[in-house]
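Shared between the two complexes below is chain A, which has chain B as its partner in the first and chain C in the second.
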Partner chain A sequence: MIHNIKEQGGAVIVALEGDVDLQSSPDARKALLECVGRKMPVVVDLSGVGYIDSSGVASLVESLQSARKIGSKLVLAAVSEGALRVLQLARLDKVFTICNSVEAGLEKVK
Partner chain B sequence: MADTQNQDMAKVIEVEDLVTHYGDRKILDGITMDVRDGEIMVIMGGSGSGKSTLLRYLMALETKTSGVMRILGQDIDDLSAREFFDLRKKMGVAFQGGALFSSLTVGDNVMLPLYEHTDLELSTMEIMARMKLQVVELGGFEDLMPSELSGGMIKRAAFARACVMDPKILFCDEPSAGLDPAVASALDDLILKLRDAMGMSIVVVTHELESAFKIADRITVLDRGKILMIGTVEEVRASKNERIYNLLNRVPEDDTMNPDEYLARLTGEEYKVGNQPL
Partner chain C sequence: MAKRQTADASDGGEVQIYDHLELLSAMGQEFASSLDIEASLKRAIEHITNYVNAEGGALFMLNDEGKTLRCHASTGPTDITGLTLDADQGIVGRCVQNNASEIIRDVSKDAGFHGGIDEKTGFTTKSILCAPMSVKDERIGAIELINKRGGDGLFEDNDLHLLQAMSASAAMAILNARMAEALVEQERLARELELAAEIQRSLLPEAGGKDYPLSGVNHAARTVSGDFYDFFPLDDGRICFNLGDVSGKGMNAALLMAKTASLFRCLGKTVRKPGRLMARVNAEICETATRGMFVTMAGGIYDPATGIVLLSNAGHEPPLFHDTNDNFHDMPAEAPPLGITAMLADGNEFPETELRLDGGTLYIFTDGLTEGYLEDGSELGVEGFKAVIRENANLDAAARLDAVIKLIDRGDVALRDDLTVLAIDDSKNHAARQTGHTPSNVTIDVFGSDEPELLLSLTVPSQADRLKLVRNAVLETAKFCGCDKDVSRDLVIAVDEACQNVIRHAYGGSPNGKIELKICRNEDELIILLRDFAETIDVSKVQPRDLDDIKPGGLGTHFIREVMDEVEFLASPGDGGNLLRMMKKL
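On to the complex of A and B.
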C-alpha cells in the first residue's frame, strides 16, 4: 500500500492505494493520524483501495475519533463496494460521512 | 448459490482420498471433497459419522494417514513450519463450546489472536475487537467475563474471536448445538452475513437439519467415515439413498442396523459396504 498526501482548498486529501491489511494498516494509520494532526479537515480518498480489512477500518475509526476530538472533520471518499460492505457489517456506514468523490468530500468539509 | 454456477470457482480446500486412523481404527475412509471460494459448505451426518473428525483434518489439526490436502492452494505436506503458521492465520475457528478463556474479559478473548499474531497498536486491536463484537451483536459487552454470558452469547463471542483476523476460511463446529431455536436461527443469519459481507468461505459441521438447509450452498453427507454424497440442499433433499433418507427423517440407528455390518464390527472385521443408489 502507498499513500499520497496533499493540501487543497483548505483541506488535507490523503489517498490510500493498494490493499490495506494487517501488514499495511500500521502505515495507513500513521499517515491518517499525521493528516489529522495538521488540524485541517481530512478527505480520505479510497478510490485506489482494492481491499481493506478490519485493521484498516479500525485505523479509519481511530482517525475519525482523533479528528472529532480536536473539532475537525474527516470524510471518506470513493469507497469501493467491498470496503462499503465491511463498513456496513459493523454499522460504520452510519458513523462515517461517505462521499462519492474527493470533490464531493471537499465540498462536505468546507 | 447454484452448484452449477460454482463449478469454476477457486477452491480454498481440496481433499483427495483422505484416510485417517485412531490407532488401528479407520475413522475417515477415502474422503474426496473441496470447498470453494465464498461458499458455505455444511458437513452433515449422524453421531459418530466422522464429521467433527473431518473438520479437524480440514483445519490441518491432525496428521492424516494418507491422501492429499491443499488449503488455499498449498499442499500441507509441503509446508515449512513458518508457512504452516502463516496459513493458520488465514483460518478462523469457532469451537463447539466457544472455548473462551474464563479468566479473560470478552474483549480480551476476541483480541487474543491479534495479540498473538500481529504487531498492531493496542488501540487498533481494541477497535477491531469492538467492531467484531458489534457484528455479532455483542457491542458494549467487551468488559464482561465469559461467565456472565448466556450460551448463545458465548457462541457469538467465539464467532467474533474467530473472525477478528478476517480469515479466508471460517470453521464452525456445531454452532447451533444446545441453543434454543430463535438463538440458533440468529446464529445462522450471522454465518450468512459473514459470508456475504466478508467473502469468507465457511465450513460448518452440524447435525441440525434446519440450520444446514438454511445456510448451505453445498452439503457433504458423511456416514461411518465415508462420503455418502455431496450436493446442493435440493440434491440432498431429493436423494433416494436410504441412509440419507434416514438421516433427514431422523430414523433411529437401531431401525437402520445392518446385522452383517454389526457382526463384523463386533468381531473387529472389516465390513464391505455395498454400492447404494444415491
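On to the complex of A and C.
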C-alpha cells in the first residue's frame, strides 16, 4: 500500500492505494492520524483501495474519532466496491460521511 | 409341674394367671411385643413373684461384661432396682457363678446372705429362693424371691422347681428380646447402607450406548464400595474419565470415594489438563482428608477425534494398553496417591502421559480385579487378565469386561475386594478416522457425509505479508467455483480475517507459526478449514465485538460470522492448535 497526501482548498486529501491489510494498516493509520493532526478537514480517497480489512477499518474509525475530538471533519471519498462492502459489514457506512468523489468530499468539508 | 396355684391379685394388681404354661406364654408375648425390655422385666418379676406367692422378688442381670450383677426389676416391700453387686457377691452371685439354683429356707443360717438391705429397710428376710437365668452356656442373671406369703414364710422345694422353670423361660425371653433388638438395629444399619449404596451407584456414569468408546464395571465387595469410575463428555468433544480406589473399605472409604469422584467431575469440566486436574483434586483432598486415608487414581482425557489419551496416574495400579498388534503395555504411576501430600515436586501439576490408542484399548482397573480369586482359588493376576482379554478380543469392550468380571464375581462367594474396571476402546473411532478422508487427523465430520473435492491446500508462515498471497489464492479458488464477485470478495474477507486472528491472537504476532488452509467443495457447500499449531484458544472468548463500541482492532470475527453461513471451532486436533471450519453455501 502507498499513500499520497496533499493539501487543497483548506483541506487535506489523503489517497490510500493498494491493499490496506494487517501488514499495511499501521502505515495507513499513521498517515491518517498525521493528516488529522494538521487541524484541517480530511478527505480520504479510497478509490485506489482494492482491499481493506478490519484493521484498516479500525484505522479509519480511530482517525474519525480523533478528528471529531478536535472539532474537525473527516470524510471518505470515491470508496471502492471492495472497501464499501467491508464498511457495510462493519455497519460503518452510516457512521462515515461517504462522498462519490474527492471533489464532492472537498465540498462537503468546506 | 403344672401345679395349679392362685396368684395374689390384691398384691401385684395384675390379672390373675392360673397356669404355669399360661404365665410362660404371657411372658414370652410380653417380651416379643414390647420394645422396652426394662418394662417387660418389671412385669415378668411381678408375675413370677405372684405366681410363686412370694413377698418380694428381684431380677438380676450380668452387666459390664459379666463383672457385676445389677437388679433390673424388683417387686415387693423393698424396691432394690438399680442395686449393683459384684458378680460373685451374695446368694445371687453364687447362684449365677455356679449356674445352680438354691433354696435357703432359713437365711439366718447362711453365710452368703447380704444383710445390709434388711438393715436399711427394716424388712426381715426369712427365706430365699434363687434360680439362675441362662440359655445353654450363656449366663444372663438370676431371679431371687424373698419370703413365702403366709404360714411360716419359708419356701418349699416345690417352689424352687417352679422358679427354676420360670427363670429358664425368662432367660429365653430376654435372650430373644436382645436378639430382636440387635436384629432391628442391624436392619436399620442395613437400610442405611443400602441407601448409601444407592447414592454411590448414582455417582457412576450411565452406560454410553453401543458404540460409545468408554465402558466400566463396578462390583462392591460389601454394600458400599471404595472404588469408583466416571466418564463425562467435555464440550469440545473430548471425554474426561477416571478410575480410583480409596484405601480401606466400608463407610469411611465410601464417603471419601464420593468426595473424590464429585471433585473430579466438578473440576474436570473446567480444568482440561489431567495433570493439573489431578493436582487440584489432590490439594482439595489433602486439605480435609482424614489422616491415613488416600486415593489412588488414574484419570485423563480421551479425544475421539485423534485417539489420543492424556493420562495422569496418581499411585494407581498401572493401566494396561492393548494395542492393535496384540501387545500389552503398562502405564506405571508417576505420582503419589491423592491425599498423601499437597507438596508436589513438579510445581502444581501431576505428570501426564500422552498415549496414542490408534485403535487399541486402554484398561484401567483396581487390584480387586487382578487379586480376585478364580474358581480354583488362584488369583487372576495381570497375566490372567491379559489372557481373558485376548480370548475375547472379538467381543466389544463391554462384553470383554463382563467376561473378566464373571470369572471373579461368580455370585456364590463374597468378593475379596471391590472390583472395578474401565475400558477405553478406540477401535470404532479409529476405523472412522481411517475412512474419514479427512486432512490431518481430524475425524469430526467436517465435510458432512459425502466425499468433498479438495480445491486448495496452502500452508503459509504466520506473517502479515503473506496475507495478500492467501487472499489471491482464495479469490481465484472462489472464481474457479463460479462464485460471483460479491461472494468471492466475502470469502476473501472471511479467510483474511481468520488468518489475521491466527497471526495476532493464536501466535501472538510471532512470525514463526504455520497456517494451513484447505478449501473443499461438497456439492453446494464451500468448506474452508484453517488450522494453526498455536496453543488452543478459549473459543468462548472469540466473539464478535459489539458494534456500538467500535474501537480500533477486533472487528474480524464479526466479519467472518457476517459473511459465512457456518463458523465453528472444531475439537482441538491431537497435536495441538486450533481448527476453524467455515462454510459458505454456494
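Some notes on this structure:
The rule is short, and it goes like this: the second predicted complex is superposed on the first by the 110 of 110 C-alpha atoms of A that agree within 3 Å, B and C clash if a C-alpha of one lies under 4 Å from a C-alpha of the other, contacts with A are read in each partner's own complex, and residues count from 1 in each chain.
One rule holds in what follows: a contact is a pair of C-beta atoms (placed from the backbone, for glycine too) under 8 Å apart; a residue touches a chain by one contact, two chains touch by 3 or more.
Everything quoted here is computed from the prediction, not taken from an experiment.
Look at chain A after the overlay: chain B and chain C clash there. When the shared chain is aligned, no partner comes close enough to touch A:96: not chain B, not chain C. In the superposition on chain A, contact is made by A:54 with both chain B and chain C.
Contact with both chain B and chain C is seen for A:22 once the two complexes are overlaid on the shared chain.
By the touch criterion defined above, A:85 lies against chain B and chain C together after alignment on the C-alpha atoms of chain A. In the superposed pair of complexes, A:62 makes contact with chain B and with chain C alike. The clashing stretch of chain C relative to chain B, chosen from 95-103, 185-193, 401-409 or 455-463, is 455-463 in the chain A superposition. In the superposition on the C-alpha atoms of chain A, the part of chain A touched by chain B in one complex and by chain C in the other spans residues 21-22, 29, 53-55, 57-59, 61-62, 82, 85-86, 89-92.
Interface of chain B with chain A (complex): residues 118-121, 123-125, 127-128, 131-132, 134-135, 164-166, 193-194, 196-199. Contact residues on chain C toward chain A in their complex (touch as defined above): 464-465, 467-468, 471, 485-486, 489-490, 492-493, 496-497, 500, 503-504, 547, 550-556, 558-559, 562-563.
Residues 21-22, 25-26, 29, 53-55, 57-59, 61-62, 82, 85-86, 88-92 of chain A touch chain B in their complex. The touching residues of chain A, counted against chain C in their complex, run 19, 21-23, 29, 51, 53-55, 57-59, 61-62, 81-82, 85-86, 89-92.
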